[in-house]
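Given below, in the form of structure tokens, are the structures.
Here come two complexes built around chain A, the first alongside chain B, the second alongside chain C.
Right after this comes the complex of A and B.
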């Protein structure tokens, strides 16, 4: 660990290195924001590299007009929340069964499920595309969400969490006459809120950012989420190289998650560490 | 796309929990109502597991098996023509440089290997350095961590469109800066010898922060008194780093390497916003090549064979890593 007892030359050097690296990493974000406020007719090679002759919102207005953004926002929200809502039920049920119940074939079923963690999901897109065609779900919100409704990662996370809850608490509720649903509702789930928050952060941020699956399995603008809308903006702006407009559109897509991240930085980082299931 | 990866510690946990069920469960089975197990008690666990199982079966297990099957079939050009079993012929064609798919697949596979290895060779050590730098008590720590980690949260598509602006030949940021200093601009995404490097550089920027947080977690799990003892013994900062921190982070490094390899092999969503695999496939990657062929019936067999080759490579890397690391920790 790079800790120094005294403020030495070396400690100043490491701090300086931190700042330099951080600035390099921030540079794309800073310049994309600056670019989005430049007049459309002034690329960075004209005049000042940081700020154009005036600060304008024209790019935002233009970008907003190019694609049906409101619809894309709605689609992204449906995709993300629809996925999460079903996941919460499936992982709670399966997680509880694997954590607390004894039944024939339990371990085999668990291993079967965990294969999902070992198979790279990217390559399955090919077959899942064919499945959606066969189910006649191509180009629907269902096609976007369904493949994620069974989450081995979530089941495992909830299983570990539920196992950490003292069994006595459940016993006590049972003796008081609570049925399974009541025990879940008043004992198990409330005690597992941090794990649910963790899972929600991972699920939401990964699906909000997803591009290839939505691009493959949808065609109509009425269904496509933000990332696919952004790609269309890219295709159109390429012709005139309207980077100000493209940066404005990019900020439309990334702003919600960035704001959430700034507000809940610690929880985000903890959740992402959880993706390693350590 | 989120891809959790199975870690070594998880494997150990799995081994433990599958070998002997936890005593918690053995001692107090689900029958503590006092009554005999009813039919519903027998069925209930399966009802709970069923929904997840159905979706995992439909969208993971079945497609995985179908990939294997379809990779040995040669589909007809039209839907009416039946698929024919051709054995390993599709695989043979993939590695035949004169074939129309093989001629493209082999160079693209090479690109993917270079892309992955260079990304990892730079971003993993960089992630360690960043974690060391950001594990100190410095002012504005939250801000510095944000500035390194935020690319992880950007959609690849969005990150790529930002970098498309930085890389643009005529009006991009990088070339504007170069030209301001009187240097010639570089055609970052158009030059066949440059394009793979440009994509790789962007990916290093995108992923280092993600790998960093695992090192941060690893660093924080090292007990502080080890360093106090080393301090008393007069060990310098560098000695502490070399003989304490790095060996203690071995496990984290293996874990990060496995994640990094599987992750990077499948990182292709930036391509549609940067170069679409152009020029002349010099900037193309395997998974993206698969997607480019997904809707062509006549290539279905090849698409599935390529998918399996990709899985095979990932498995080789994962197992090799695992074996190498296990051996090293036995010696210690």
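Right after this comes the complex of A and C.
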């Protein structure tokens, strides 16, 4: 804050720049919202430049009729929460093992695991598909979640976080008679909450937006997530682009995440700053 | 250990029983059907209606439809299953132009074997518009796929503008330019040709045909891209957007218009004429506030024998997969036969805007009534007489990529027309080297 007071010019400049940048980042969202309320089949340069000749909910009604959205919402929620719940467990365990325990081949194992980060997920689609078929889980919620239950990124994140916790805290707890589970429950995990929040945000937003894997491993609308529903609006090559409908559908898909972000904005930003993630 | 073995044994027995029970429960033949969509609207409901109707006629069959995204996504999903050697799909709608690649890797079975087994084999084949079968047959005339959701490009024109100006609807390329120049104003293009972007090949094919040499003929091992006819076609398309000072016609934007925006531009009066697919006819008729006219794509010189008319076909056909068990293939064929029937084609065409693929479908309700109200559909149908095979070749995805790149570079003006022939030649060399092993 001190630097701002020194020079009002610099502070005004910073504010102006921030506003411009924020507007640039907001553009797609503003465009989507405006387009979704315009009458369908009206070109952008007709009527009022922002709202068209009238404001209508027609696009929302049309988009809603195209796919079983309510079911898709439920499936997306099951998919991201089911994935996250197991991930939190596995990354805590593995992260702690890599951070605190000494065993033969630990560093080698860590490097092997990190190598995974370099493999693009698309490469594994055929193998994962075959695995799900063999496990008889094809076309179920389990098949959606299972490939993501381990997370190399998450393990690395938790390992670094746990290493940052002073060993003395754990030792003190042990002297007070806490067993390992209690140490985790009352010392290690509570001190790592910001890291968990960051991980949750990244995990939820990436799986919420996932298309390829759900499309490959599910066939029934009863288990498919939102992205597959949105895809229907996007694939209208025979009739030309239906921007209004497409934008309305896009807003259906992003609304829950957007509301979450607005509600927990401060928390989100804090956790990113705390973990040094950008 | 012994106890563990017993548990394992018990589990195995239980599992086996479970499998046996589930097999017994599945006395119906299950047919997995994949379909993409390329039009808007509640396609699922329409398919579900057909499914119920079909299963009422064939109670022993259980059709399981699954929406699989775009044509490309559908192909990718099926390719994934084939790569994993675990093919779930039994019958699917895929692009008519996917034929060569799927024949080549032997993942589909020819429809011909089922047609031959029919009592009405000849009538079945003759029932389709020949243009729609052009992409179904291989070089030897064997039919592999059955037309289902098909389309073709046509000329849409603002009939009110033509009437006001007292201009006749263009029937050839010269009249097309004259009309476009007469009708264009400051904020209205004379003609929008949606060739901008990454896929100019489709409409280019209609010009190549109109100039007398379609891009492909019967053989999938031969592509005609650097011919004089092809050059003339590319020059014509490019000149539509070029300034008159540079020798162009200046009736639309340089590089053409964007595919998705063109129908909206037309219905809102920003273009006097457009080229677009029949698939958008329904929405154009619904959205336009003026009288919409539909005509054949204007003709080119066409050499000595041709009519000069020409348009490719588009859309998807039904394919049956080789990995399905014989009795499942038989059941899948019954479903294909049902979807290709006059009744279903009539209903499908009227509800989606695709051109019904059988001749008989046009004499059946609801299409029969629809065309009396909206005779524009008949123009699209009648143009099929002059339609040509759509681009398909060996290595079709790679070849099409080469063609798209070459066309885009010329049409957009990045490569001057003086170097167009050289660009086509270079592309032809690339194509021929890809196709060399098939000749």
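Throughout what follows, the second predicted complex is superposed on the first by the 210 of 278 C-alpha atoms of A that agree within 3 Å, B and C clash if a C-alpha of one lies under 4 Å from a C-alpha of the other, contacts with A are read in each partner's own complex, and residues count from 1 in each chain.
Assume a contact is a pair of C-beta atoms (placed from the backbone, for glycine too) under 8 Å apart; a residue touches a chain by one contact, two chains touch by 3 or more.
Small disclaimer: the values here were computed from a predicted structure and weren't measured.
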Which superposed partner A:219 touches (first chain B, second chain C, both, neither): second
First (chain B), second (chain C), both or neither touched by A:186: neither
Of chain B and chain C, the chain that contacts the larger number of chain A residues: B
Touching partner for A:50 - first (chain B), second (chain C), both, neither: neither
Contacts of A:253 with chain B and chain C, given as first, second, both or neither: first
First, second, both or neither for A:230, with chain B first and chain C second: first
Touching partner for A:116 - first (chain B), second (chain C), both, neither: first
Partner chain in contact with A:102 - chain B first, chain C second, else both or neither: first
Overlapping contact positions on chain A, where the chain C interface meets the chain B interface: 43, 125-127, 129-130, 215-216, 231, 234, 241, 243
Residues of chain A touching chain B in the complex: 1-5, 10, 14-15, 17-19, 21-23, 25-26, 28-29, 31-32, 35, 43-45, 49, 89-91, 93-94, 96-98, 100-103, 106-107, 109-131, 146-147, 149-153, 155-156, 163, 167, 171, 174, 180, 202-203, 205-213, 215-216, 226-227, 230-231, 234, 241, 243, 246-247, 249-250, 253-254, 257-258, 261-262, 265, 268-269, 272-273, 275-278
Residues of chain B touching chain A in the complex: 1-7, 9-10, 14, 17-18, 21-22, 24-26, 28-30, 32-33, 42, 44-49, 51-64, 66-67, 70, 130, 132-138, 142-159, 161-166, 168, 170-173, 175-177, 179-180, 205, 209-210, 213-214, 216-217, 219, 222, 227, 231, 237, 240-241, 245, 255, 259, 262, 265-266, 268-269, 272-273, 287, 290-291, 294, 303-304, 307-308, 310-311, 314
Chain A residues within the chain C interface of the complex: 40-43, 46, 62, 65-67, 125-127, 129-130, 133, 138, 215-216, 219-221, 228, 231-243, 245
Partner chain A, residues of chain C touching it in the complex: 32, 34, 36-44, 64, 66-71, 73, 77, 80-81, 83-86, 88, 151, 258-265, 267-268, 270, 276-277, 279-280, 282-283, 287, 314-315, 353-354
